[in-house]
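Chain lettering (A, B, C and D) follows the sequence in which the chains are written, and residue indices restart at 1 in each chain.
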Amino acid sequence: MQLAISIEEAVEMIPDGARVMLSGFMGVGTPDTLVRALAASGKKDLTMIVNDAARPHTGVGPLVRARCVRKFIGSHIGLNPDVQDQMREGSLEVELVPQGTFVERVRAAGVGLGGVLTPTGLGTRIAEGKQTVEVEGRTYLLEPPLRADFALIAARTCDYVGNLSYMLSATNFNPIMALAGDVVIAEPEEIVPVGVIPPDAVKTPGIIVDHVIKRAS
Amino acid sequence: MQLAISIEEAVEMIPDGARVMLSGFMGVGTPDTLVRALAASGKKDLTMIVNDAARPHTGVGPLVRARCVRKFIGSHIGLNPDVQDQMREGSLEVELVPQGTFVERVRAAGVGLGGVLTPTGLGTRIAEGKQTVEVEGRTYLLEPPLRADFALIAARTCDYVGNLSYMLSATNFNPIMALAGDVVIAEPEEIVPVGVIPPDAVKTPGIIVDHVIKRAS
Amino acid sequence: MKDILDFTEMDPKEIIARRVSLEIRPKSLVNLGIGIPTLVSDHLDESMGVFFQSENGVVGLGHRPPEGMTDRHLTDAGGTTVSAVPGASIIDSAFSFGLIRGGHLDLTVLGGLQVDARGHLANWMIPGEFVPGMGGAMDLVTGARKVIVAMMHTAKGRSKIVPACDLPVTSQRRVDLIVTELGVMQPRDDGLHLLETGPGVTVEQVQAATTAELIVTGTVPEMDLSRTI
Amino acid sequence: MKDILDFTEMDPKEIIARRVSLEIRPKSLVNLGIGIPTLVSDHLDESMGVFFQSENGVVGLGHRPPEGMTDRHLTDAGGTTVSAVPGASIIDSAFSFGLIRGGHLDLTVLGGLQVDARGHLANWMIPGEFVPGMGGAMDLVTGARKVIVAMMHTAKGRSKIVPACDLPVTSQRRVDLIVTELGVMQPRDDGLHLLETGPGVTVEQVQAATTAELIVTGTVPEMDLSRTI
């Protein structure tokens, strides 16, 4: 299929019940157009793998408000009352993961590692029921890889072969999530000819990007 | 201590018997001046953690030829006859690690993870005697972190606060090893004022670089 | 740096922030949590060469940009638009938590819901009431070289420094220092030591406001907030 | 692409490289080992949009730079100075092996010391003789979506395709295809199938040069090296 697709084609591609990874930190570095289009389309039962619940109108917020999300996997939900409400009423399942563990679990899935051995969370409630592994006399929590059917990411710049670069703190989870979705769809702010992003400035090689949201013509 | 130090000060800092991580791939991206100065100083019993043995006059080669190295930990030694000779005569111990496992072990040490769970090496000679861990029905080899007393790295550009950028395939292990040495010493090709390397182009934040080899005045 | 004469008149949050700022070493890498911890950077001189990191990947956070110059691509971990200092760098989230968990972060200053006499911090959920989530806090408390809890001593009249946390803890790691407007406390093997009192506050007043038992050795000095760093 | 008429006169290594090149899909990510595998890219048209990756972090390796333009900062995994194609990108070693182990690499073509009837490859050491080390080979064989072994059928008159490797294997993963100048073989559950013979070579000649037992089903076609990709 084409590298450049329309927002409608992207929305079409994602079925109800899909596991969807979404980049961004408090909505910064999130593919907002894709999120809004998905929310408007009335998708159901999505599992959203995203660092934080942002606020009702940023980040994953619009998808939560439109009740598209059945399960949320991330590290922070404190600033989105919709999530607190839907969690209390039982319509939204929330799995909280420490942020450093979250990003390493995504990375492990993306780079073919079997899991994450981290000291974070040991001796806390989130360690309950989880396997621990001892290495050289120290104990670590074993956390499994976190993979998704789709990774929806946001880039500052994209070139004609899909190479991506990011800008400032909008970088965050984007380069990592780009590795961990079976289908990777990027929403860039601008699309430029090959060579405009120098090889050393490419943060995500285009070869791992499946689709890029095309410009409105 | 000062960020900018002389090559003599750097050599002085590294004792006999130290565990030293050295960047580069077949000698590309290796801090060559540091290596030559260390070799000339007659250090003894170093453990060198370096991807490959390069050739006799590149990469870690000069240190091997000067018989400074007691143990080599890396993935490839096929193009350095000195290593083959010293290994046969028993004066050089060699621990071979698959390259992907090698870099993840270095990274694990640098980012505070307890080890690496990898499918690589399972069912081969290098898995002998090693622990395996099962995650979600799949078996992985558990490989411990790889840390060093010193990480000697090479950068293309360094600014006044130690921010580093690299160039093309001379990047390789540099950004990872910069995280995994108790003392990190960088040999840059050029030193520029703060701001010349834009924030998005910095590959190693200066805050984790202990020393930079100063220019000859 | 702010120039203040009568510290007993100072805003309690500013007392905390100023006292914490004295713990920061030149050229160190520091992560400040949201709330009171964020105020700490106001008390530091830029010549110290301290770099502030935020979980979202900025090394070298700066204050607010000039009027009209904010850009949503650059925020701190609270989502507030910020600037970057000269020499700042950007790292992705995996690298950012690599710094935190890997021992590269010299200091983190975090708020808390409770801290107990063993030095355990609770700051990520109130079961049955409100679950904000841990965000980066579990990694920060577990991985930073030094952890300071900076918070008001009480909430709704109740001590936040308790014998043992009844809220879920953030880490099994003992925090290094607790700074409130009433005092500076340090959890050690034998219990919670009161090292300093707040401006105009007596040892008895601190103990009266604290349900955890405080260990007092000799004369407890008052915080020296006039000290410059 | 080279234009050749009589393939029986072709250099054996070029036969192998050309046959392997027919396995490469447009727009795929491919890693070529040193030696014969490196020759494969000569047989591909740039319009296919294939990206060649090398372990040292280049995605988009190109051929030799113009005379006088080589730079030691840009080499392939063999340490040879190369160029980069338009659209190339640079990644660090952790990212590079992340691509390899994480299933992002569509194909790797590797040389071998031995391959056996189960499809196990041995290519990293000859105990007691020579220990080059595995470099990236163990990760490549374990992680690539498709693994092709490209090598001469025999070495010093002895079959390199054996019933069971006596050299230490590189991975427990079964390789997908074996291409030599004498034929194309595929290890399957029931054994090693001979799928094609080399130019001017008979099935009997292949079996005679092979210590592993070859399974032959029906008529075995000759490699179609005139095919363009």
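Side notes on the structure shown:
Rule of thumb we're sticking to: contacts are C-beta pairs under 8 Å (C-beta built on N, C-alpha and C of every residue); 3 or more make two chains touch, one makes a residue touch a chain.
None of these values were measured; they are calculated from a predicted model.
The chain with its CA mean position farthest from that of chain C is D.
Distance between chain centres (mean CA atoms), chain B to chain C: 35 Å. Averaged C-alpha coordinates give centres for chain A and chain B that are 32 Å from one another.
Averaging Cα coordinates per chain places chain C and chain D 57 Å apart. Shared interface positions of chain D, defined as residues touching 2 or more other chains, are 84, 90-91, 94, 97, 100-101, 143.
In chain A, 104, 107, 112-113, 118-119, 167-168, 171, 199-200 are the positions where the chain touches two or more neighbouring chains simultaneously.
Pairs of chains meeting the touch criterion: A-B, A-C, A-D, B-C, B-D.
Considering their complex, residues 107, 109-113, 159-161, 163, 179, 194-195, 199-200, 202, 205-208 of chain A touch chain D. Listing the residues of chain D that touch chain B in their complex gives 54-58, 71-79, 84, 90-94, 96-97, 100-101, 130-139, 142-143, 168-172.
Across the complex, chain B meets chain D through its residues 25-29, 51-52, 54, 74-79, 84, 87, 94, 96, 98-101, 103-104, 107, 118-126, 156, 167-176, 203. Across the complex, chain B meets chain A through its residues 104, 108, 111-119, 133, 135-136, 138, 140, 142, 144-145, 165-168, 171, 199-201.
For chain D in complex with chain A, the touching residues are 27, 29, 49, 51, 59-60, 84, 86-91, 94-95, 97-104, 143.
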